[in-house]
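The chains carry the letters A, B, C and D, assigned in the order they are written, with residues numbered from 1 in each.
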Amino acid sequence: MTIRWTRIAPQIALTPALAVTAVAFIGSILWTIYLSFTRSRRVPDYAIDWTEWTRQYDRLFQDAGWSTALWNLITLGLGSALAIVFGFVLAAMIDREKRGEAFFRTVFLYPLAVSLIVTGVAWRWILNPTMGLEATLHRWGWTGVDFNWLAQGDTAMYAIILASIWQSSGFYMALMIAGLKSINTEIWSAARLDGVSLWRLYIEIIIPMMKFTFLTCAILLSLGVIKAYDIVLAMTNGGPGQSTWVPAYFVINALSQKQNLGYASAAAVMMLGITLLVFLPLVLLTAWQNRRRAAA
Amino acid sequence: MTDLSVTEAAAGATVVRRHPRVRRRRGLNGRSIAVLVFLTMCALFFCVPLYVVLTTSLKTMEEIRQGQIFALPETWTLEAWSFAWNEACSGITCEGLKVGFWNSVRILVPSLILSISLAMVTGYALALWEVKWAGTFLFLLFLCAFVPLQIIMFPLIAITRTMGVYGTIMGVAVVHSVMAMPVLTLIFRNFYKDIPREIMNAAIMDSGSFWKIFAHIILPMSGNILIVVLILQITNVWNDYLVGVTFGGFNTQPMTVNLANMVTVSTGTATYNVDMAAALLTAIPPLVIYFLVGKFFVAGITAGAIKG
Amino acid sequence: MTTTRLTRFAAALLCGTAIAPAAMAEEVIIFHNWSSGPEVAALNVLKDNFEAMGHTWTDIAIPHDTGSNVSLLNLVTGGNPPNVFLESSPGFYRDLADMGLARPLTDWYEAGGYLEHLPSSVIDSITVDGEIMKIPTAIHIDGMVYYNMDVAEELGIDPAAWDSLDAMFADFDTIREAGVVPIAIGAQQWQIGYLTHAIAASVAGPEFYNAIYGGEVNPDMIDSEEMRLTLDWLRRFQEAADEGSVNRDWNVTTNMVITGDALMQIHGDWMKGEWTAAGKVAGEDFGCMQIPGAIAVPVTVDAWGVLGDQSEAMDAAELDFASVVLDPEVQAQFAAEKGSTPVRLDAAGEIDACSQAVLGYLEDPEHQVANPHTMVDADWQSSLWDVLFNYWSDPSMTADEAIEQMKSNYDLILG
Amino acid sequence: MPRVSFENIVKSYGGLTVLDDLNLSVEHGEFLVLLGPSGCGKTTLLNLLAGLADVTDGRIVIGERDVTDLDPKDRGLAMVFQSYALYPTKSVRGNLKFGLSAAKLPREEIARRVDWAAKLLQIEPLMDRRPSQLSGGQRQRVAIGRALVKHADVLLFDEPLSNLDAKLRTEMRLEIMRLHDELNPTVVYVTHDQIEAMTMATKIAVMNGGVIQQFGTPDEVYETPANLFVAGFIGAPAMNLKEARIAKADGGVEGVFATGARIALDDYAFARAPQEGAPIVVGMRPEHFGAPNATLDGAAGRFVLPLQHTERTGSDATGYLHWGEGLLSHRVEPGDAARLRPGQTISVAFPRGKANLFDAASGERL
């Protein structure tokens, strides 16, 4: 056989990416999984004691900090889901009321350009109990208002949710606007001819038509929530207590404070598991969408 | 909770399509007014942090202590800005945020070159050339695109350590490139996939050289997607904290890390005006990009999220 | 030890370290996690003296709570190791030894005659498995009471008269009525962790303290009267904390006391640096004392380590650094800037009222315990801090619940 | 000079075999048209020749060279694509030059060839425009020019005219024929349009289901279709194919249709002697029928049938007569078409020596 460069050249060009995938992703994931079975502390210790190889996981499931982190993950997920709702409301309003569309879009989207560290710094300042929003409200005479969310374990998470909604609503709005624009304009006319009320139009026609957009948003949101670290660090650094720990924070803490590589790896593997749980529907969704498109 | 690396997501960077829709100028009826009022209130909510941060940064500390967070500064001063930029301390070096700014720039440039060139060539090879295992590889990339950094953090530390780049600008840039590779590749691949097969065939018959076709035919057609990916990657890298703090070393940490250090460990009294000025300084580059090329920015961050 | 190096020692000893011209100028990379004003000022004392020897000081600073240990270890094993690092944890030096990167300094100490000038508690803290591995730079007491004397006078209270924590808390209502925060606390995890071990040493004594924070943890002492006592006091401190305490940095907290918004703070005595930076004088503007009625005080010895397996020139430069740190004059200057107490008994220069008090407390070896960082397993300590900070942050959590969590943590980590 | 031949070509995608043991060769300077309905494998065959797809088995030879394992650019081919596939970011000149500069030809040579092609195709004024600024016909010319400048021995066309309107299509057809006459390359031309095939080809290969049904000159393919498929595919309106049985009478051979009508087959050159009662299919081209109601001396068959409707296609007209369940089409003088009324009974005659006979079972020509 003669050498055919048209067959070989692309494979050569793919080698770097392949190497990166194999080493930095697949190899590293396997490495971390392996480490999670060891008792590695600061440095890797590759001996596995097979009589208690699940030791790190056992500890994880008994660790109050980990269960707090998991609950917070759910809280954060549900709370941030408001960003999708909010995003949809904004998108629907902007889409119906054309006036000022460019202006509103610009305003709602700019927080997305801001890093989560900056977002955290800004909101932490606003929520500062002695000089921030609360102090101002008290000065204005609304002494009953309690905005010292960051100070209490049961409200600190809400502050993080508030900041993340502020940061990400615009993004979901942009996705929703795109979704709304792809809806055939004749549907609006048809609904108007039929005399359907706007509410029913949205609830019975538009939202079901956009279920794919909603699903996309939900999956993106979940993946974002799993990765949430910066915002927690900048807003509360995990506190008060462990009340705002999330898995992403837990892993870093285990690595740096506890200096327990094995434990951090076990927590990271659990994070990967959660990611896969979210990822699986995405794969199914993509397959489903492809089939639907093929059928169309 | 959408950090940008998520929003790139799935694949395909089709620039958001705008269906030209007939604009109907209607009179201001009750509903319109209600909607506009609601939108305006939301807009105010969105602007409050920016306003507060901006005014705080222009105030003196005495004024800030009065707790009038919403008041305009009585005496406008740029002192906090100049202090944050030139003098604020991060560690023993008190040279201000400008150190971090230049670090961020020095991280940004190689990471952009590395990640985009790698992703472009990979996407091009996968989309336009016949490679038997392309499908499997694509699926792998799709999976990798969602892997949080924590899961591969220690191995990456060990790898960069072995490469001798841990704790250097290059190290941070390399990790950024690695983390961005799957998503950017998918974006490029989905863009190139839509290039007509026959153009590729014509080029293959004309030249047959993988690189020549890339340089002469494909690269000139990649203008739009390049802008989109550039914006995506610039915002990503600039706004990153975790990679910078984990892989940065001797005063090679990016601006966000400097900012976080400055805010958490400031000298003496907490100087909120300096903190806020520093926060704004950190936020300015991506904000400028957003306000200058908003349309591409939106396309960039939603790249792939909307398929079809 | 090579002959050239010995010659250099001799030369250094003869000429006095600070002015000895370096045979070879080296760029020395120095890793630390200090970043507050006084800390930086103290570092600059070292830097100026060190650079006067012709070397270059390249600085890398990673703030306390961003995982400096991980960074340090990875920097060491990676391509760009720091030559000198601020690190107390004995485990870290053991890891270094495993990697062949440790640099025992016992010979150097003996040759330089340093040991006779150091208190025995300091020597203990710099010794790892029989070899001296660290260069002590400063002594701190982790739980000192610093109070604003002007405010105390206005309120008509004399903190020096308190002979127990009970007596101290008894005055809090009076203080609050005057619109002053009695005790300023920064409620961050590490600050609460420090406060707790200071309370433990103070109210429960060395035996209990060493059973929990020592190299060998005694699980029987987790569920003990002493632990309950410690936790009960911690709860009382929490109840006394003001609204803004959450996530407040220690130096911001110190500033509340300096400006008179609060009467006092219990914290490591590095807060003295903030006072002196504000132009205040110990014994005149502010008073300092141990926790009233303290049985023992926890002592932190800040110490540097140096990297082994380096070039000869770098080895020499590292020793130059060590000699700068242990120079009597530098010791005094450093202590003055940082607000610490010198590690050398013969440190030259003036010792302020607070340091005199500290030296007084340190006279009695029974009255001191070591900072947990230099002793205890990092994982165990971190888990303790998690529990304690949860306990602090959740007023409904009982001491029993906290003890239960600690016990289960012990089983998981050390059991 | 190149003769192009496919030897025992097999092409399968996964488990699906598209081409199975295909043999075909075309001599130098010939204009081969691969003709067939979509999905018949003709484009696959072209791509195999071009090297854009790999054969599963078999050999492709151009001239004396086995090119089966060569890269497309090394095969000495040039190709014109259905969608023209012009490089959108390059000017017309850039499009023409790219292949030449990729082949590292000297600068003057490139300029000479580009000018030659521009002149030949009359696209000189367009040389600095981008493809998006050209009309469809202009793009087609550029695409052809891009192929010509390579001075390739073999030119491939993949349905190059299908995106043009009818008028342009005719023009370009003539243009391509002129170029072929002037430059005389070997051409392999894929199309599903039989008019293109009939007008341009020197050889036609009719394909269906991955198999070459017939290979021959346009006349051969039209006059003596090798099987039922070719018979039905070539010609518009299509050949009438009617089932019949062989009947021998008075030493002559006749075909008896299901309707009872008969047709004399004495003049047909049977490959072997027909058997009595054997089922056959009789193929009759519409244009061979005599004018309605006209008498035709020595007609092979005469049919008197009611008219269903007539169709006029400009220069020509066709009448459709009821034939059992089906229809029989026959050419009508355009002038007469308007006078014919549906339902009217018409008598048509089919001449001797014009019928095509096929075996009903195998579909092969008898």
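In this text, contacts are C-beta pairs under 8 Å (C-beta built on N, C-alpha and C of every residue); 3 or more make two chains touch, one makes a residue touch a chain.
Computed from a predicted structure; not experimentally measured.
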With contacts defined as at the top, give the pair, A-D or A-B, that has more of them. A-B
Per-chain Cα mean versus the mean over all protein Cα atoms: which chain has them closest together? B
With chain centres defined as mean CA positions, report which chain is farthest from chain A. D
For chain C and chain D, let me know how many angstrom lie between their CA-based centres, rounded off. 93
For chain A paired with chain D, centre-to-centre distance based on mean C-alpha positions, whole Å: 60
Based only on mean CA positions, could you tell me how far chain A sits from chain B in angstrom? 16
Chain B to chain C: how many Å between their CA centres? 40
Which residues does chain A have that touch at least 2 chains other than itself? 5-6, 128, 130, 237, 252, 255
Check each residue of chain B and list the ones that touch at least two other chains. 204, 208-209, 260, 264
Junction residues of chain D - those touching two or more other chains: 51, 71-72
Can you list every touching chain pair? A-B, A-C, A-D, B-C, B-D
In the complex with chain A, residue positions of chain B that touch it: 1-7, 9-10, 16-19, 21-24, 32, 35-36, 38-39, 42-43, 45-50, 52-53, 56, 64-65, 67-70, 118-119, 121-122, 124-126, 129-131, 137, 140-144, 146-156, 158-159, 178, 181-182, 185, 204, 208-211, 235, 238-242, 256, 259-260, 263-264, 272, 275-276, 279-280, 282-283, 286-287, 289-291, 294, 297-298, 301-302, 305-308
Which part of chain D faces chain A closely enough to touch in the complex? 51, 69-72
Partner chain B, residues of chain A touching it in the complex: 5-7, 9-11, 13-14, 16-18, 20-21, 23-29, 31-32, 35, 44, 76-77, 80, 83, 90, 93-94, 96-100, 103-104, 106-119, 121-123, 125-126, 128, 130-133, 135-136, 139, 164, 166-172, 174-175, 178-179, 181-182, 185, 213, 216, 219-221, 223-231, 233-234, 237, 247-248, 251-252, 255, 261, 264-265, 267-269, 271-272, 275, 278-279, 282-283, 286, 289, 293
Chain C residues within the chain A interface of the complex: 65-71, 73, 77, 91-92, 95, 98-99, 187-189, 243-247, 378-379, 382-383, 385-386, 389-394, 405, 408, 412-413
List of chain B residues in touch with chain C within their complex: 89-94, 157, 160-168, 245-246, 249-251, 260-261, 264-270
